[in-house]
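Labels for the chains are A, B and C, by order of writing; each one numbers its residues from 1.
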């Protein structure tokens, strides 16, 4: 029954390989940034993680809309996997942000709009995962988490703008997300590395979710006529 | 005209199929009963017919309207007296009727609503809060609420449930009246003998499957787990 | 729409019957404001500085109680299902409930203002503007809150799930309402009031539309 795991595992392996290559280049080979020194190197992981976190959450949004439109279970399994991955990547993003902020600004958190929005998203989507845990009926769970995912995702730009305005009145700093062109290649390699990695993981996780669904739902009925039942006829 | 045309209805709850391949037709104006052991799927069947829940498989047409595509049209002509009373506890009996009446465009004047309460024997409790009602009184009020909709198809789930003997007679009277008005009734009940006396058609469900559909006279008695016939209450 | 008026009437009647709850929830909110001042300390300068934040935090916490309560009555005897089967439009039922909840929260907000004035020495003469902020802020809380309350009232763990789902979503409302209120209390030399109000309006419009669209799926099978 389980399809061969060859493709997702290959993706994961490819992803890890890319990550190694990109990170090695960025961490060891690329020259240190002029003003910030070696701490800046976290950008080689941070920026790709940011792109991919957003991608994972967008993927979840697409799955949510697809489920509501088609009512097919596969979209629910993908939604579960996608949201988990989105939360994990966002959490990583926040941790990377903290690691960067402490030596740079002396505080663990500097209320950068992008990072703060990410933190809010961790809670928003984490909450939806909690919702899934509390609902036993698979159909309700699927519909409700799709609805919640749509609401949370649509909220992202609003959260971002509100935090940006809120913060702009206090501090003029911004996280240096600009990386000069010499450094683009490690960035891109890492971005693809993380992309392959999370895509492969989501594919595997989707299968786990689908298997769980199969155990929760009754198996399909035997074709009609298998047992004699006196149905039919007008009353 | 055919009031209910059910074809291969299937419905699952989690790991269990509650309805399996249920197929039957119900003609308009007939008074039918559905019986079976606990857990045989009676309530599920009624809820599917009422469009409170959807069937996972199969087709359903009520007065020619497809239950999936024209759900509102079906709901306009159908009323369900279910296990839950659909009442608001903090409101009075009259207010509960008024709330429902507003949505269906019925007569909301106090006099008209009081008349409905009189019919079910609650005429003097109109201004009392539902949360002070006993189970039997709640059931009577729920019955009044159902009849207020003037439905063409009435689905009753254990209507005799919490009622006292006068309440039983009340339900019997209503069934007769509905028959006179040409409504179609499908009633789930354990009171097989009583049902036989009133209804003309019978359905028997067993573990989600329809094992009998036809005149009530030839309906087999449902069996208890040890295959002895039931003894039933009043 | 006829259904909308019928739904609104029903919800306002239910709220009127449960008005003792409103007083209890107000007491909860006021107690929260008191606790905040204990947490900060008797420094009247900083209390005044953060008064807007305390007001809206207190209101947010109280809103979870109010929103959850609004669906208790619908679910205990499946009354909501009963209405849907009449048939009643799910959209109308949503807007009726959301508007009633909006009113409830606005009342709470307005009632907490004097508490804020007294505890934090934080008042404003621009009362109409303050009322506007409260109106728009509670609109932003009510729309998603009603939707989530409908969901969580049918699950286990409902008391934790509603705040867990609602709070991250309404962060923009919190930020904007607190900022706008703060500007009214502490002064607005650079005229920043308008943009925050616009944000509240955009948020409210978005979520009132989305809520109406999605409510049907949430409560129907």
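In this text, a contact is a pair of C-beta atoms (placed from the backbone, for glycine too) under 8 Å apart; a residue touches a chain by one contact, two chains touch by 3 or more.
What you see is a predicted model, and the numbers here were worked out from it, not measured in a lab.
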{"item": "Distance-maximising chain from chain A - centres being C-alpha averages", "value": "B"}
{"item": "Contact-richer chain pair (by C-beta pairs counted) among A-C and A-B", "value": "A-C"}
{"item": "Rounded Å distance between chain B and chain C, as computed from the means of their C-alpha atoms", "value": "39"}
{"item": "Between chain A and chain C, centroid-to-centroid distance (C-alpha), Å", "value": "30"}
{"item": "Chain centre separation in whole Å, for chain B relative to chain A (CA means)", "value": "48"}
{"item": "Multi-chain contact residues (two or more partners), chain C", "value": "221"}
{"item": "Residues on chain C engaged by chain B in the complex (per definition of touch)", "value": "2-3, 5-6, 9-10, 13-14, 17-18, 73, 76-79, 81-88, 221"}
{"item": "Residues of chain B that touch chain A when the two form their complex", "value": "2, 8, 10, 12-17, 20-27, 30, 32, 57, 201, 203, 209-214"}
{"item": "Residues of chain A touching chain C in the complex", "value": "68, 120-121, 123-124, 127-128, 130-131, 134-135, 139-140, 143-144, 147-148, 150-152, 154-155, 158-159, 161-163, 165-166, 169"}
{"item": "Chain A - residues contacting chain B, complex", "value": "136-138, 215-218, 221, 224, 227, 229-235"}
{"item": "Parts of chain C lying in touch with chain A, wherever the complex brings them together", "value": "144, 147-148, 151-152, 154-157, 160-161, 164-165, 167-169, 171-172, 175-176, 179, 192, 195-196, 199, 202-203, 206-207, 210, 214, 217-218, 221"}
